[in-house]
Amino acid sequence: MITLDHYLYLSAILFFIGVFGVLFRRNLIVILMSIELMLNAVNLSFIAFSRYTASMDGHVFAFFVMAVAAAEAGIGLAILVMLFRNRRTVQADDLTLMRD
Amino acid sequence: MEAVAFYIIAAIAVFGALLMITRRNPLAGAFSLVVSLIALAGIYAMLRAELIFILQILVYAGAIMVLVIFTIMLLNLREEELEEPPAGKIKTLIILAAVAFGCYGIIKVLSGAPDEVPRVPENFGSVEKVGELMLTSYLYPFEIISVVLLVAIVGVVLLAKKVI
Amino acid sequence: MESYLWIIPFSPLIGAAINGALAILYSHKEKGPREEIISFIGCAAPLASFVIALMIFIRMIGMDEADRILEQTLFPWIWSGALNIEVAFFVDALSMVMVLVVTCVGTIIHFYSIGYMAKDRGFARYFSYLNLFMFAMLTLVMGKNLPLLFVGWEGVGLCSYLLIGFWYSDIYKAAAGKKAFIVNRIGDFAFLLGIFVVYVATLEHGAGTLDFPALSGLVAAHPEAFRGVATAAGILLFIGACGKSAQIPLYVWLPDAMAGPTPVSALIHAATMVTAGVYMIARLSFLYALSPLAMGVVATVGALTALYAATIGICQRDIKKVLAYSTISQLGYMFMAVGVGAFSAGIFHLMTHAFFKACLFLGAGSVIHALRGEQDMFNMGGLSKYMKLTALTFLIASFAIAGVPPLAGFFSKDEILWSTFTSSLSPGWLPMVLWVVTFIAAGITAFYVFRAVFLTFYGKKRLTAEAEAHVHESPSVMTVPLILLAIGSITAGFLGVPQVLGGSNAFHHFLSPAVGAAEHVTHAVQGAGDSVQAIGAAAHAAKEAAAGGVQLSSYTGEVLSEAGGGSHGGSHGLEILLMVLSVLIGIAGILVAQAMYIRNPTLPESISRRARGLYNLVYGKYFVDEAYRETLVKPGYFLSEKVFFKVIDVWIIDGIVNGFGVMARGFGTVLRLLQTGVVRTYALFILLGILYLIYRMVG
Amino acid sequence: MDLLSIIIFLPLAGAVLLLLFPRESERAIRGFSLIVSLAAFIVSLRLLTGFQTSAEMQFVKHIPWIPSLGISYIVGVDGLSLFLVLLVTFLQPITILSAFRAITERVKEFYICMLLLETSMIGAFVALDLFLFYVFWELMLIPMYFLIGIWGGQQRIYATIKFFIYTMVGSLLMLVAILVLVYTYKSQSGVLTFELDKLYWVAMSTRTQWLLFLAFALSFAIKVPMFPFHTWLPDAHVEAPTAGSVILAGILLKMGGYGFLRFAMPLFPDAALRAAPLVAILAIIGIIYGACVAMVQKDVKKLVAYSSVSHLGFVMLGLFVLNTQAVEGAIYQMLNHGLSTGALFLLVGVIYERRHTRFIEEFGGITKVMPVYAAIFMVVTLSSIGLPPLNGFIGEFLILIGIFKAKAVYAALAATGVVLGAIYMLWMYQRVFFGEVKHAVNRTLRDLTPREVIVFAPVIALIFFMGVYPNPLISRMEPAVKKFVTEVRAGRGDYMQITRFAEQAGGKWMPAVLEVDPEHPDEETAALVEKETELE
């Protein structure tokens, strides 16, 4: 018997894998993908709750999240391309302009 | 039956995610993520979220990931550019512990939600129903999200075009 | 006739406005506006005032003595709560005299200025200031209430400032103007407080008012209550008068004020403005009369100033400085007169002094004009050959100031000395001392004035080559005013020939509606000391004076003089004796001067060499200016700059404020360590925050 | 739209329209902002003609704004604020005109700031809701911050930050006090409101009153500025552009005095009475101290700035003496100070534009080259040192006579400021204008242009008018001032009784006691005198 809990556990695990990726990896592309993963984890929660409360509001939210994720991915990748063009690197630790 | 399917799909999703963050080559990571995302689409299907299921495959696994892969190939990173200094053991351990604790905490908080699956009408989560909702109660957010996308498009064009 | 009153002060104001506008309009032109136009406007304005004043005077003579008061209210000025001050003019006998003196002498000096200031680039500006001065002075003497008097008071101060610094390119002249203004301001500070004292006192007795008629009525109704007030207000107002009329210790500005054009010195710093203090005390005579202390202070300061300034006058080299100290000294006489209660004598001397001192100044101006700005008497001498008219008029005025009968100064000065001698000031020896002091001063006056006469017009010629080439008699536009004033110096005295010499003392009689009552009250109050009956009697006198005017009051005065101990009055023989004495000392002064500067010109030199220290002390004007600078100005500046500004403001207050800034920066420095600039560190912090939240939710 | 709201929002509308102007068309921008400010002035004249001489609030407009928090938009003027509003609208076109030449960079932003400033200043003077007041009060800071920070002199950043922090410290405390006040009222009446009229009736313990008063007073005292909170002023003035200095000195400083008049004192009368000796002593120190420090300044602007400290000491002293003359004098003195100090800053600006220096020693003998300028400067100087019959005298005279009635010693000490004022102003005047022309550069200085003459003409005219015929102004202030004095002197204790009585009588808020019988004003004065003697 699969309960709401199961979906939420899955969601939590995926979310924290994403968190781990953001904190652990230095490649900006991977960080970006980890963020996508975290968003998906959240979407999963939305859909699961939606199902278990029998209301479709969660679907709408998931839709919005996707739209935002798409925008974010687009902008993020554009910035990344720019960065690579200018500084020849995609390593997060090399980008310390704000500190200096 | 349902449980078995869930566990298999969940395992694929988690496995894909783990691969994604551990592969050094971002291209490999991207493909692992695609796997994970498609697995999630399966879970959406199980949750009778028809529209989201379709969008997940089309938009996420399709469009977004294609974009990511294109970018990776565009950058054409050489091997030495992928070099990552190994993270310190202690830092890794701390982060792992933190992540584990976070997981545990969330699970602890969330457990105890209602178990019974409510009955829903046949067309729950269908394109038609969700679309109806979006164009009635969520009309304004819906419109605004289109503006967000527009702005994102303009932004991307500007960013990628300008040579500084 | 009353409705024309306003024209008297406003006619010069209009003149000032027109000339001022012309001066500004032409300020960037190569040449100023035509001098004919300027002088026409400038002189017509005060002349119009004089004519109207004369008409009003004639009208006033025709009126009943008790009703000789004209009033005109123009508009409300400061109406606030229980304070109602109006712009209103008020002319009684006292104001009338002042208005006549001011407009008459003023007009004459305006005409003189046409010649003196000819071809000066600031011609229009000069006449604008001079007209403005007339306006202010007339407001001063015609104002119906104390604040309006104060307006004139400050206004004349302003004009004095502007005119002393008229040639502003010379920084010393400008500084002299500033000094005059500031010293006056110190006096005005006390004057303002005096006004407030009066106002608050009236508030306690019903209506708060500062109008002179209402005030005198109120004071007459509650004489006992106003005694303390009279002392406080009297002394405060007198400090104001000290500033304006250059009495000890605020006289220091007047000698410096000679930096202005000479006609200005004649009009403002001799004939009119500086006498404002005397006028003010006479105007408030009803109040002063109640306070023997205030009166004593006024008289004593006046007498001391008379002697003190006269001694400085002995050693001055600058002809205008001599006259300046002489003015201070003569003002001292006037104050002593009003201080002993002889208000009409003080005003009488004020009037005669206006004529002869203006004449002296204008004569000096004529000389200076002829010598192209030379003012040192030791570079003059023997000028009577070149400038006959100037010399003659100067000589007449000098005899007048020396008190030689029958010129104006004799009558007025003598009346003052006699009033002082017979006054009832306490302690009892004071009148005598004052008399002796001013008696000596009279001798010195005669000496230094004739020293000036001899050094300037007679004896050996000591001119510089440049002056020699230019020396000439002044044009008639300057000499005619001199003649007019000389005639005034001769004849003005006959207005107040005392009874003992067979005169009727018409002047005294004319003034008595305004100040007569106060004179009697003074004697009553002073003569009786502090005894209860005397105060009662004084109160009674004051009441009667207010109610019935002069006839009653003179009657009461007699009664009171008996009640008060009969010190008022003395024998005719004594009066004539004193008169002869003072004439003698005057002549003695003249003879000494002649001996020292004509017959034996080396004598002054040897005397000054023998008494070097004393000479230096007197020549250096007792070093009062220096003492003020060292004790007041410099420490004040030091305190302001080094203590207030550098320490308190910059160091302490700003130090505290900046201290907060430094503290904030310190916190910032510590917190900055967290700002690594690496985004992932921030993400880590976010994570830690979330974990903490989760921990709270779980635990 | 009602009259007051038009006056408030006209400049704002102008600022918004200004946004549409292209950045390059500087002439149009200048002309337009001048027209807007002139229009506001002309409209505000209607206030003067329509004003009824009474103590009532007039031209009142009441619209709920955030009803859930009890915040409304209430504006109105009475005798206390009428002329301050007019001062704003009068000075604004003059200031804008004066900046035509001086401001050449970021012209558009400058005029937007100016117009925004005007809206906020008028708003603060007419707001009758504490929240609305606070909004306008803080809104004033923003344009001023930019005015100093962008168009200022060398040290402008230090000056702006100092100005901002000083002011913010005060206003934050005031905000807290406002909230305490509002919630106290709510706990008593159950109504949540920021309406000033209602908050006058809060019952408070003396201690609370005292604390809240201190919070308000600190905020206003900084703005005034009172000794020892004045050190932001010289810096801000010196660094600000001419227009900024004029507005700062002419109007912003009046906010402090007005704040005491409208808020701090009537809201906490008992505390105000208790604080009176303290304020009086600080004010007297300010008068003497400001004058002394002004005397030793080498920079003309700094000198004028410190003279403001001295002049506003008079204002504060007048307010806290609390009798009709002193308070009227204080308001009058605020107007005078706005005019004459504003004009002084304009004058300094004129010469700064030509020589780019303000140090006294850089000048000397200027009269010779700039006679018209010297003449105008003289008139303004005389107004500033309170020479009758110019405007400054009326204010000082009323204040001093009022103070003297209450406490003669205070008046004597304060009056020394009159002497010191003459010293520093005339000394400065002498060093700048008299003597020979010391520096060759000054020989070619240009006298006032026609535009500059137009700037000064109205100010000079008003300086004369207000000195010669002050009655139209004073008589319009009088009822409101009398009401103010009676209210504050009555204290809070009596109020609660009156209120309760009034409530029983029919729920009317305003007690009838405050109306002054026009037939017998003397009775009221006599009562006041009695009160004063009691107090001493």
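Letters A, B, C and D mark the chains as written, and numbering starts fresh at 1 in each.
Note that a residue touches a chain if its C-beta (ideal position, glycine included) is under 8 Å from a C-beta of that chain, and two chains touch if they have at least 3 such contacts.
The model shown is predicted, which means the values in this text are computed figures rather than measured ones.
Undergrad: Taking all protein C-alpha atoms shown, work out their mean, then name the chain whose own C-alpha mean is nearest to it.
TA: When every chain is reduced to its C-alpha mean, the one closest to the whole-protein mean is D.
Undergrad: Per the definition at the top, count C-beta pairs in contact and tell me whether A-B or C-D has more.
TA: So, comparing the two chain pairs, more contacts are at A-B.
Undergrad: Where the CA atoms of subunit A average out and where those of subunit B average out, how many Å apart are those spots?
TA: The separation of the two C-alpha centroids amounts to 6 Å.
Undergrad: Using the average of all C-alpha atoms in each chain as its centre, how far is it in Å between subunit C and subunit D?
TA: 38
Undergrad: If you average the CA atoms of subunit B and of subunit D, how many Å lie between those two points?
TA: Each chain's C-alpha centroid was found; their separation is 62 Å.
Undergrad: What whole-number Å value describes the gap between the mean CA coordinates of subunit A and subunit D?
TA: The computed centroid separation for subunit A versus subunit D comes out at 57 Å.
Undergrad: If a residue has to touch 2 or more other chains to count, which residues of subunit C qualify?
TA: Expected reply: 687.
Undergrad: Subunit A: which residues touch two or more other chains?
TA: Residues 19, 23, 93 of subunit A touch two or more partner chains.
Undergrad: Specify, in ascending order, the residues of subunit B that touch 2 or more different other chains.
TA: 102, 106
Undergrad: According to the definition of touch, which chains form touching pairs?
TA: Listed in label order, the chain pairs in contact are A-B, A-C, B-C, C-D.
Undergrad: Of all residues in subunit C, which touch subunit D in the complex?
TA: Touching subunit D from subunit C are residues 24, 27-28, 75-83, 147, 150-151, 154-155, 158, 161, 165, 168-171, 174-175, 178, 181-182, 185-186, 188-189, 192-193, 195-197, 199-200, 203, 636-637, 639-641, 644-645, 648-649, 653-654, 657, 660-661.
Undergrad: Give every residue of subunit A touching subunit C within the complex, in rising order.
TA: Against subunit C, the touching part of subunit A is residues 19, 22-23, 92-93, 95-100.
Undergrad: Which residues, counting only subunit B, touch subunit A once they are in their complex?
TA: 2-3, 6, 10, 13-14, 17-18, 20-21, 26, 29-30, 33, 36-37, 40, 43-44, 46-49, 51-52, 55-56, 59-60, 63-64, 67-68, 71-72, 74-75, 77, 81-82, 84-85, 87, 92, 95-96, 99, 102-103, 106-107, 110-115, 117-120, 124-125, 129-130, 133-134, 137-138, 141, 145, 148-149, 151-153, 155-156, 159-160, 162-164
Undergrad: Inside the complex, what are the residues of subunit C that reach subunit A?
TA: Residue list for subunit C touching subunit A: 675-680, 683-684, 687.
Undergrad: Mind listing the subunit A positions that touch subunit B in their complex?
TA: Against subunit B, subunit A makes touches at 1-10, 12-21, 23-27, 29-30, 32-34, 36-37, 40, 43-44, 47-48, 50-54, 56-57, 59-60, 62-64, 66-75, 77-82, 84-86, 88-91, 93.
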